[in-house]
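Structure record follows, encoded as structure tokens.
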């Protein structure tokens, strides 16, 4: 049984608490927050889990083998470093750290210390994304021809980060997760706007060049009263449409035949024609992503292996985001994405 | 009664023939195509309309007051010029001409000749776009904050033009049609890709800077087995979502309240919060756009006024497209959009 | 080439005119209506088809081999009889006749005369219903377990017939068309209501006992501002959901596994459990049903065979409707459905 | 603070446990189940709530002021009676009891004892149904013209009750909750079928006569791999469509104009025409129904008043169900629904 402490009782922490309690391989020991009352209120009136405001107490407790850090991004580096130094396994909310440079340090420290460093890229643990990964990486959809991701949220304008840092980590981590090993992001062009004078971009568009010569594109947007979360992955054999706000049909896999044929009727002078084929809507389990993520964290610790979304996947996400921010500051110029030393998954 | 000849019996011409016949103010005299058999076959076995392969015959016939040109774009300039010189009113398929320069010539010739020059920007005559125009230009949605247009088609890869020239004229003409007079496209950055080695871009992304500091964005794509045609127009008071492949709910107008409030529960350190308000799905008539377009052409001729989508609107679309093509060739650099002399609508 | 006259230029006649003209094997000779101006207006300004108000002229013309009757139901019997007596093939709008008894006479007359008698059960010629027929009759969905059909229309309240006679012929003819030969309607219980004091039922529910012991159910309803047209066909192996107002996904075929298993988790004391399987959304051609129907009429004439929806299928529909009306008058009592002599299809 | 014990740790009990813990006015004291291990497992590893297998212990404990009974229906009467005799307030899962007669006894006992007796008609506490109730009872939709409810579930076939007793209590309780006081169910005709030889009806149709002369209709069905949960409430001024499996648009309110006009174009001989008006999709909070229900239970106890879904509403549901069962046994004959003494709400 892995003793765990959740650090941070803010927006996300309660979800980690709930799912840690439901994970058989985990024993939740603490919920730690600088605001002790908030920690207590989060645990509620019926819990035997300890609330504390002392991170030192947590790190000193030998019953704690791992920490899950759900605090503001600016504190991730210090909290994770201290945990690694105390020999604890670490799960960190996205983004891993506010800078690629700090991220590299954490990853290297964890590797030296032999502890698991995991990023909570939650969407990668949804049944939909896991199925997409299978469909893409097994070759079932054929070669990647485009990836288009739209994430229009009725989320709140964040006080400290722009929409790119707030929302694009989701898309970047999903992209990192589903792409085949030989298709990687190599450069990015990004544009943003701030039409409500929020002091930071509230709408952003990222055009990402992939190593196979195709484009991925990400649209993130805070300024909407309705959620749109649609990702289209076009392949040479099939196309996947993932509509995350349509629970009865999240995933649709379109068959597609491409014929080089003379179509006499409709558009006659055409080289390549397309026909609409059947659509398969695969059955997906109704499983909470965070529960799967927590189980993966526990398994990685038990099996002493990197988790599916390890620190290096966090680094790759940071590399893409930093390049996008740099491009946005350059008015949309193409910026190369840093290569991490080891991108093997 | 306006005597009309339709020129071109290819992909689009039959639609013009059908709608011209259904327009009371129009008398269809000819269907003209170099391939006389194709013209005859298009008219069918029961028609009294004349088929001809001679454009001269058409222009010489005093019963013909106007021509509707539905031939390949490369022939638009010569055909329209001849018609204008013969004193005929002219309706031209999109794009007006393959180049902005030729377009300017046509517009000036038509103005000097005192004949109507109209672009068949069909989407502008759909009930949905006409309602969007009202909602936007009346101020009902408030200030424009973003416009996002996705046009993923199961259309055919065209042999002669790229996806930008094939599909983006729709989006550019809609944008031109719905924006208020004081919000105009000023520059564009465009990226494209050709993942099927078609020899021309099959996927393209256009980021368009508007004069009010916000962004419009256009995604056009040939490589899909399913149609996606969604345009979101975000305003300060309401947001419009137009889903053109959902006939029972093409248009949804989202109410939206923006509060600068302290939200204690969910995301506490937030400056601006959004709430999801009611949605209004307006009733739209089931009216064929091309019929409305044809009636507008007839009315503009009868009333000796510019039509809603006149030659100058065609010019503005060409200016945007030419800038986008230039940007795409420059790897996505920002390219200013030419200003036409008179953009008043 | 089959010479055809369309009789009736009212609501439906124009559709027959248009589709007859588009059918290669047919030569449209006349549009006949008591109101000659209406016939002329329907043909329009460009047609070479003859308009007439004389049914005698039509029947006397040897160039006319067949008539398509689209007049009020009360006139079907006399018009069809005269045509049969004149040796013409006959296509009749639904319902075949206002009474089963008259229908039998027509069917027998046509059989004796050796002419084709066809019912325009249009829905049977939609790509969706044709695919459903294949899926059901091939055994692909397994044994029929229930059929549920909802037809809520924003149609007009009819002045002469109730909702059952107006709308249920669609559902009855579809049921007749898709069911396997060994599953037939045997009895019906019907309830109706007239909540707007229209003088006739505006809402009706039909419960139909099938010969295999299962139920089919039909809900027809005029009183709605929105169309709902959903038919569910539950089989032992698959279930079909047909949503006719959703053009991008009219047909969905649900896989379904039935396990007699002990489910410990959710509902423990259960004998039979169900799981939600994959869904297949088959590609359907975008083809006008009426065109297919017209081609079937022409083929049946040319091949001297009964059409898919022959007079006997019209009789079976009448038998169900008459039983339903009788049940409604009896307050919903079960009424047996007359057996036609030959129900082979 | 109201001390509560949840009785039954089966299918539904865990939901009551979770929501009781989240209700500020309630203090959860016990989870009681004959199977103590199941009770303990339901509470989990971190709870301070007591698990017990002794109902006596629960009733003897003065810290327990109320019990929530989530056991099989056959045990409701005895458990509720014992609780009432012990002076406890009682919440009971639907159906209140297996028979109307037992239900009457419980209601009268609770009234004499001065304790709250509440039915957990959960759907009545969903934001959608609460909004429907407002729209209907405020007169906003006008006079009721029809109510149509479809509940096709991928639920499990129950070992002890038929589909009518399993699913129709939801529809019956919703109908009871939303109808105006002067519109009540008066009689019912019901048909069922058992196409899988389960030994009890798996599909059932209920036609319910309302006191205003209109019909309500309920279709309940176990045999489907896909959920359909659609209720249409047709009013003289507006029509409500509630699609419970479409979270982004659960409720749509259709405007509707009825004109007695001569429509020359479409269907000319018509007395009454309808037009499709705008649709309003109201914003609904994302609130768990069971939490609202639990809060209502607590408030009713605190304020010594009947809850929204009191024992008498449970009786009215039982009266409808018993009549439906009787009708089904009579082959669908119309059966009058018992009137409860006091139907005031």
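The letters A, B, C and D name the chains in turn, as written, and every chain counts its residues from 1.
Everything that follows uses one rule, which is that a residue touches a chain if its C-beta (ideal position, glycine included) is under 8 Å from a C-beta of that chain, and two chains touch if they have at least 3 such contacts.
Predicted model only: the values in this text are computed from it and were never measured.
*Asks:* Between B-C and C-D, which chain pair is linked by more C-beta pairs in contact?
*Replies:* Per the contact counts, C-D leads.
*Asks:* Taking CA centroids for every chain, report which one is farthest away from chain C.
*Replies:* Between chain C and every other chain, the largest centroid distance is to A.
*Asks:* Mind checking the centre-to-centre distance between chain A and chain C? Centres are C-alpha means, answer in whole Å.
*Replies:* Chain centroid spacing, chain A to chain C, equals 52 Å.
*Asks:* Could you put a whole-Å number on the gap between the CA centroids of chain C and chain D?
*Replies:* That pair's centroid distance is 38 Å.
*Asks:* Quick check: what residues of chain A touch more than one other chain, meaning two or more?
*Replies:* In chain A, residues 226, 252, 255, 275-277, 279 touch at least two other chains, as defined above.
*Asks:* Once you've mapped the touching chain pairs, tell me: line, ring, star, complete or other?
*Replies:* Shape = complete; every chain linked to every other.
*Asks:* Enumerate the contact residues on chain C facing chain D in the complex.
*Replies:* For chain C paired with chain D, touching residues are 10-11, 143-146, 148, 150, 152, 154-160, 189, 191-193, 195-196, 198, 203, 205, 207, 212-215, 217, 219, 221, 223-226, 228, 230, 232, 234, 236, 238-239, 241, 252, 254-256, 258, 263, 266-277, 279, 331-334.
*Asks:* Flag every residue of chain C that touches chain A in the complex, lowest number first.
*Replies:* Residues 249, 252, 255, 275-283 of chain C touch chain A in their complex.
*Asks:* Please give the residue numbers of chain A that touch chain D in the complex, ascending.
*Replies:* Chain A residues touching chain D: 21-22, 27-28, 44-49, 226-227, 245-248.
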